[in-house]
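Following this line, the structures themselves.
Okay, so chain A shows up in both of these, paired with chain B first and chain C after.
Our next item is the complex of A and B:
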């Protein structure tokens, strides 16, 4: 039978082990965040005729979730989303949707199932295609790497910040 | 090959209707000590047709084929024509899933969408407890409280048919229209959370000849992210005989908790649910129907592809005051999303080279 001190030492080692495990478990998160800080910013681009220049992150999320389907001027929003494996899609799924690819698909299937939307986002296959389409489709909105933004593209501020600003949320 | 050429804006504002279709289906194996048929069962085959006439006028149709002992029963589950003025006002007419609580509109015939094998008892297939379908017209939209994400739904319709599990498809059986009003919220600060309340009012006229006013108050909370997923609903149903007599109340609730595992086990989602339905013994509508129920389930869902899931579930339950029974279910459910293309994650843009 263990002595009281023996139990105390045993319990101490268990506590230590739990703490070490917790630190190890947290490490990948910190590494991921560190990598995230090094990522390129994602620019939100809208049709040049849009009257919107600044948007809150909460409103942006509602638009990308299909909960807001019209702009304040009552024009219809058309959401253009990059096809899977594009790095900017990964950022948007992580930061705006908080979903992985399977959850993203299930989310839009559920939206259509509940008759909340008549269709999912329109899929685009390159930054050039996204920029070209958002330039000609009234009410459209998309996202591209900030480095892919062309001079005539209309980039939205998010909570007052442009992609080059410190504290921009989509990095 | 697709290229970043000149896009056609009419792809988004089409001159021709845009037609999309989806399919849901399931097959279940049941072993049980209940006095019901066991073995393999083909569940509902559910077809969805979505037509975009313009960017504001849409049709949503849902049609089912349900296996019955004598063949298949075909049903128009939903048929909705809706015009979206903007986010604040959307007007529609047709046949709906009644917006009572959460599950009835969120999952209903979409077995693949729901975590568990089947719906909670209070909204089961052919439920007599709540009117799961509604024929009439709705106004719905966002209330402009953007940080809270408040949505409303106001509806007027025929209410229950003479068979109270059915909507009044061919007209109101008693000339007293049903109405329903509900509010729900998705607060921006609690991303993933949805909660709501609702009220439904009707006059019920079953074949027994007894007529009663019916009021259904409901409330729900759903944490829709999967780590964890939590859904709880409560309904209280009042019946007041129109010929006089006391008003009686019945209650039903359930709570379901699930958790999507992490890492290598990401495809697995264990879940549990507890539920109870209590009917007043003097309820003139419900008492003869033996709707009392209590039960609990535990199971696990395995998403072996993006569009199909295997679920194994144990259920212990008791109907009215009968003995407790045990059942084991094994179910495969699937969806064929958006047959028009896009794989459920969106529609492909048509681009001129």
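Our next item is the complex of A and C:
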């Protein structure tokens, strides 16, 4: 009888251990997921006079990579990018470029060296500067935290989705 | 009186030798002229490509500088910039740098003596273009340094910094537009010469503009 009680106690401890291990193993995933959901969406903003309202993620990627340098109406695209350390720049580098800072720098140097582009992205130092400049430079495009978007800014839909929509790719 | 046979032979051989020498000299001269023409054409193509690239660099930076200036005017009218941090955050400094313009074609032409094979009008146009480009670089550098010094201002001196930045941007944008117009002139002269020597057809350009419209909307 005592032996049977000992066995069931042992089995109970094993089951408890397995449950604890499973919880511990899942914890980082839950934390990461929660952080991901907590991260702010990045809005893509264009000059208000632009005729473009919706683009595909693939087209957005081509624009940011400097592979497409003109809008469909043949106006020149001016790419405005936040200076390093800005959180939105980090998201764009990860999600759109798939590069780190060094690779990003090397990428643009290479493109200029091969004369594939006339110049790299233009650097802006704050969301205000990005929003203000995109408002006055025809054909310009930039990215800011969705919370920094002002009422007069033109936010692009990506694959038909706005930053507030579920499934928006830049979160 | 009959001429000796050897004399006729000497005359014939002398004529043959003279003609051969003259022919060899003519062929040599023809080859040299071809080489000079080829060097001149190559050099003009190189100039045209470089000027096109510099023009593209100006086209790339001009809207940004014009936008910065317009934004600066707006900020100035609102009197929102009071501190260095606000100045940096609203305008930045790196974006105010002038574009780096190439002059390798000119340096190569001077080093190889290719300029001596070009006609006077072309050399004169190229010389003027690169002189103006040099002046633009020197003026921009001096203006940028002055602006950098002004941007290191104490509280209460923001107006002066904004005024200096505004002056710098106004002069830079004007110089960039002037230089762009000079490039267009030089490009037209080079194109005319290249068409004349048969290097390109009348409607062709030496190379397509960087990131040409071909990629639009793709």
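What to note about this one:
The rule is short, and it goes like this: the second predicted complex is superposed on the first by the 137 of 171 C-alpha atoms of A that agree within 3 Å, B and C clash if a C-alpha of one lies under 4 Å from a C-alpha of the other, contacts with A are read in each partner's own complex, and residues count from 1 in each chain.
Note that in this section contacts are C-beta pairs under 8 Å (C-beta built on N, C-alpha and C of every residue); 3 or more make two chains touch, one makes a residue touch a chain.
Note that the structure is a prediction, hence the values are computed from the model and not measured.
In the three-chain model built by superposing on chain A, chain B clashes with chain C.
By the touch criterion stated above, A:66 is placed in contact with chain C alone, chain B being left untouched.
Look at A:121: by the touch rule set out above, it reaches chain B but stays clear of chain C.
When the two complexes are overlaid on their common chain A, residue A:98 makes contact with chain B while staying clear of chain C.
By the touch criterion stated above, A:53 is placed in contact with neither chain B nor chain C.
In the superposition on chain A, A:113 contacts chain B only, with no contact to chain C. By the touch criterion stated above, A:74 is placed in contact with chain B and with chain C alike.
By the touch criterion stated above, A:147 is placed in contact with neither chain B nor chain C. With both complexes superposed, B is the one of chain B and chain C in contact with more chain A residues. Stretch 62-70 is the one among 8-16, 62-70 or 152-160 where chain C clashes with chain B after the superposition on chain A. Across the superposed pair, chain B and chain C both touch chain A at residues 62, 67-70, 74, 76, 78, 115, 118-119, 122-126, 128-129, 132-133, 136-138, 140.
Across the complex, chain A meets chain B through its residues 58-59, 61-62, 67-70, 74, 76, 78, 80-81, 84, 98, 100-106, 108-110, 112-115, 118-126, 128-129, 132-133, 136-138, 140.
Listed in rising order, the residues of chain B touching chain A in the complex are 2-7, 9, 12-13, 18, 20, 22, 24, 48, 50-52, 55-56, 58, 60, 78, 80, 82, 84-87, 105-106, 110, 113, 142, 146-147, 149, 186, 188, 191-192, 225-226, 266, 303, 306-307, 335, 337-338, 342-349, 351. The part of chain C that touches chain A in the complex is made up of residues 53, 56-57, 59-61, 63-64, 66-68, 70-71, 74, 88-92, 94-95, 99, 210-211, 213, 215-218. Across the complex, chain A meets chain C through its residues 62, 66-72, 74, 76, 78, 83, 115-119, 122-126, 128-129, 132-133, 136-140.
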